[in-house]
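Step one of this worksheet: look at the structure below.
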Amino acid sequence: MEYEAVIGLEVHAQLLTRSKLFCGCSTTFGRPPNTQVCPVCLGMPGVLPVINEKAVEYAIRMALATDCRINHRSVFARKNYFYPDLPKGYQISQYDEPLAEAGHIDTETPDGRTKRVGITRIHIEEDAGKLLHGEGDDEASSLVDFNRAGMPLIEIVSEPHISSPEEAVSYLKALRDILLYLEICDGNMQEGSLRCDANVSVRPKGTKEFGTKTEVKNMNSFKFLKDALTYEIARQIGLMEGGERVVQETRLFEPSTGRTRSMRTKEEAHDYRYFPEPDLLPLVLEDEEIEAIGVMLPELPAQKKTRFMEEYGLPSYDAGILTSSKRLADFYEECVGLFNEPKTVSNWIMSELLRLLKEHNISMEESPVGAERFTALLKLLKGGRISGKIAKEVLEEMFATGKDAEAIIEEKGLSQISDESELLQVVDRIIADNPENVERYRAGKTKLLGFFVGEVMKATRGKANPQLVNRLLKERLG
Amino acid sequence: MDVVELNGWELAEKLKGGEITSRALTEAYLERIDAIDGRLRAYITVCREEALRQADEADRRLREKEGITPLTGMPVALKDIFSTKGIKTTCGSRILEGYIPPFDATVVERLKGAGAVIIGKLNMDEFAMGSSTENSAFFPTLNPWDPGRVPGGSSGGSAAAVSSAECVLSIGTDTGGSIRQPAALCGVVGLKPTYGLVSRYGMIAFASSLDQAGPIARCVRDCAITLTLIAGRDPKDSTSLHAPVHEYESHLDGNIKGMKIGIPEEYFIEGLHPEVEKAVGESIRVLEGLGAECVEVSLPHTEYAVSVYYLVATSEASSNLARYDGVKYGLRVDEGGGLLDMYKLTRDRGFGAEVKRRIMLGTYSLSAGYYEAYYRKASQVRTLMKRDFEEAFRMCDVILTPTSPTPAFRLGERLSDPLTMYLSDIFTISCNLAGIPGISVPCGFTEEGLPLGLQFLGRFLDEISILKVAHAYEEATEWHKKRPPLGKLLGEG
Amino acid sequence: MSITRRDVEHIAELSRLALTEEEVSLYTEQLKKILHYVEKLSSVDTRDIEPTTYTIPLQRRRRRDEVSPSLPPEEALKNAPERDKDCFKVPRIIE
């Protein structure tokens, strides 16, 4: 029998606010344990939460960017459970009246089609602290660091519209791109600023009913998401084919083995006893506020790609790559503003700049070659000061030394030789040194032109203007 | 009369005029505490050194006429539910053993800012859950009028300390009557402001949608003065109101001519103590004599108040008290059985029987399958109760009721029967559910000499009317001038 | 609806309270009585009635996104029943 997977993702994105969701503690990552805590985020007796306006604004941005319906009144609720990383014994979240509902994200399937994945809801909630196991002085203890407690999160819950691990990855990538474009989350999966859980079930292909689902956790990279889902789907199909039943449970993905395993189920079923958070009034959003945020919304990846194709005449492939990150797209546009040859700029970014970034293992932001320098190089190329080959060398040098193109060309004497009399001397010498090949050429073996060009280039260490060399050789060889 | 028995506003004049220093006054109160608190047991903590230091600072302010308020130099005490920086705060519970807050509650900040002297922290029912202060994890507080009886609760220590002049005034909290009921049982004045008028920040939560802080004093004027100083918007409390704070004292002109006073028929029920009924009846005539007009009003959902209250309050409490888990502060009992075991042992040993009972009731009311029938249903009936008041206040300016159905009961009398204990709050609960202000003033004594209280309820944010009518009544009567016989507390009885 | 011993044991578990057999019996009886008393709510017609959680008018209450000082680490950990260096210490959790 053929099976199909039904997958829904629950994504937690940490918002890029300066301070926590309900108190003024800093959100800086990686500080020493318990240095970013206060009575509020430690849940000391008598403290009260006051919501960060920026977190609300960021959540609205995401809701607008995913075409959600924003509720004019949403309610905070307490999710009650005991865990040492949860200082108050409840998490402030939103439950039956979330911030936003019924949106969607368009993603690309592996075969290049566009697939629309529904967003069930987006809500605001606070993060818990961090538990450290086996780091303390004695083995019988775990340690708690509350720096992360109270960090602002939005949870984005998708509809079960995803039907393969590849689609899940593509959905998560699209979602991450949007978060990055909106500048509301840094999207770092390793550091946990973007976290993803999946609800997975399988059913015989063509049937309508959902199978029993499991919740898979701990997938902190795109690769792990794909591996975990692939494993889990196969596991569930295996069970069904063997006549066994899938058990509804939470499963943990283990990167070391590539498998998911059942988390030890507590002796009790979860009963979170949600009820409205009496310490926070419902969040009331007027149309004017939502509209004002909407107006300020940046262009999103899909829109930008279309515009790049139309405005710069780029092929879909180029536009897709250049808009894959906002930084890169911004860099591209800055370059085109300085040097109006969109396709040349695109080629050089895609084939050279991105390669060098990868080789040096640095990000766009850290690149030593800014738009000004990059286009200055392309201008020198266009003006004939250097050849394409030299330009590539110069760019590498620019990366390595941080100097600009002009300085490198000057320093290394890489300027292209376009002086006809100077080149003529070289051409004549090459012709004089290779009488046999001259004869063969003249006898009709014109393919040997390449040999002569190569020799001239060798002699000039690549600096000769190739067009000029071609013309002069042809003239001299007759 | 001993200086400590004067009203706050009288003492303020003496302090301002240099007739007495804050240090001398503070020492006088400390002496009173030393003399009687060994038996009365109103205080959990007496802040002797800090108080004297604050008194000296207040004296400097008074001398240099620097930001003087009516509370500058005044020894006030706090229910031990308010977080005090550097001073242990127990909330009447073992579970907070050793806990010293690193911050002051907003109310405490404001009192300190006004120059008040914080003389100590007062006994209470554990986590404010109770009506007799017998649920304190440490010891019961006695009623100054009769040491065999309870002072009421949960702010029993706060009412007893004011009544026996162990402080000028105190700040209590009221979730279902916890300021007004002990004030009535101890013969003093207790004010529960509109929900949100006084910041809850730093006040340890029992039921967040009901809790409100307010003053307990020996006269209405002192309550009015104190309210002005502690009320007002607090950016740290999302539920604190953006409402004007009045100079409440300036409205106490004794003139209530034409004021309409609503008498809800539902409050004069079977089970109402005859002496309470008689005293309240007489007070109605006093008010009419002052030119007020009494009208009958109806609050038809009153009979559901106790049910709604105990479901809503316990639900919220079950969640509010989840933070006491032995991880961050307070008690931890760990016998090596792992995390779950540590949680259970800590909470089992740390909480008293009533607190556990309420956590369980609240957990049950919120749990899957019962939420609709209990928590949600109660919240819906709460809406109806709120509407009852809105309707009634179309007919009248304030509502008059007894504060408590009975005078102070005997220690131990209701401990074994939670439900009867819950019914002690029957007249005070609705006010919290509706979020409106209420005040209790002394309105007489039983033949045995136990004080009785009269309650006025006001419209949302209309503290002025209830303070005004309470003050006019007080002026027309002598009840508030009586002081408890302290002989028994001095060991003479 | 009448509360059973099993219910009481379940909610004690949810509330993280260790109860003795006697306590379970006592609480079952007491909660039964209280729940019987509150049962009268079921007679109130609450169709189309919105529940009340907030008695005050809805107001906009948001904080500016500004960092304010955290507690000094010593203050943060001062009340910890048990600590290990700069962390709160709890019995080991196995996941």
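The chains carry the letters A, B and C, assigned in the order they are written, with residues numbered from 1 in each.
Definition applied: contacts are C-beta pairs under 8 Å (C-beta built on N, C-alpha and C of every residue); 3 or more make two chains touch, one makes a residue touch a chain.
Quick caveat: nothing in here was measured; it's all calculated off a predicted structure.
**Student:** Select, from A-B and B-C, the pair of chains that is joined by more C-beta pairs in contact.
**Tutor:** Counting C-beta pairs in contact, B-C comes out ahead.
**Student:** Could you name the chain whose Cα mean is nearest to the mean of all protein Cα atoms here?
**Tutor:** Per-chain C-alpha centroids ranked by distance to the global centroid put C first.
**Student:** How many angstrom lie between the centres of subunit A and subunit C, each centre taken as the mean Cα position?
**Tutor:** The mean C-alpha positions of subunit A and subunit C differ by 40 Å.
**Student:** Quick check: how many Å separate the C-alpha centres of subunit A and subunit B?
**Tutor:** Using C-alpha averages as centres, the distance is 57 Å.
**Student:** Approximately how many whole Å separate the CA-defined centres of subunit B and subunit C?
**Tutor:** 23
**Student:** For subunit C, give me the residues that contact two or more of the other chains.
**Tutor:** 10, 14, 16, 53-54, 56, 59, 61, 63, 71, 76, 82, 88, 90-93
**Student:** Of all the residues in subunit A, which ones touch at least 2 other chains?
**Tutor:** If we look for residues of subunit A contacting two or more partner chains, we find 39, 42, 50-51, 82, 84, 140, 144, 271, 273, 278, 280-281.
**Student:** Give me the residue numbers in subunit B that touch at least two other chains, ranges are fine.
**Tutor:** Within subunit B, the residues that touch at least two other chains are 99, 102, 209, 235, 238-239, 318, 322, 325, 327-329, 336, 339, 343, 363, 367.
**Student:** State the interface residues of subunit C toward subunit B in the complex, per the touch definition above.
**Tutor:** 1, 3, 7-8, 10-12, 14-19, 23, 27, 30-31, 33-35, 37-38, 40-42, 44, 46, 49-56, 59, 61, 63, 71, 75-76, 78-82, 88, 90-93
**Student:** Sort out for me which residues of subunit A touch subunit C in the complex.
**Tutor:** 17-19, 23-26, 32-39, 42, 50-56, 73, 82, 84, 131-133, 136-146, 252, 263-264, 267-268, 271, 273, 276, 278, 280-282, 284
**Student:** In their complex, what parts of subunit A are in touch with subunit B?
**Tutor:** Interface residues on the subunit A side: 39, 42-51, 78, 80, 82, 84, 87-90, 140, 144, 271, 273-275, 278-281.
**Student:** Considering the complex alone, what residue numbers of subunit B touch subunit C?
**Tutor:** Listed in rising order, the residues of subunit B that touch subunit C are 98-100, 102, 195-196, 209, 235, 238-239, 241-242, 301, 303-304, 306-308, 310-311, 318, 322, 325-332, 334, 336-345, 347-348, 351, 356-357, 359-361, 363-364, 367, 370, 373-374, 376-384, 386, 418-419, 422, 433-435, 460.
**Student:** If we count contacts the way the header does, which residues on subunit C are in touch with subunit A in the complex?
**Tutor:** Going by the criterion above, the answer is residues 10, 13-14, 16, 53-54, 56, 58-71, 73, 76-77, 82, 84-95.
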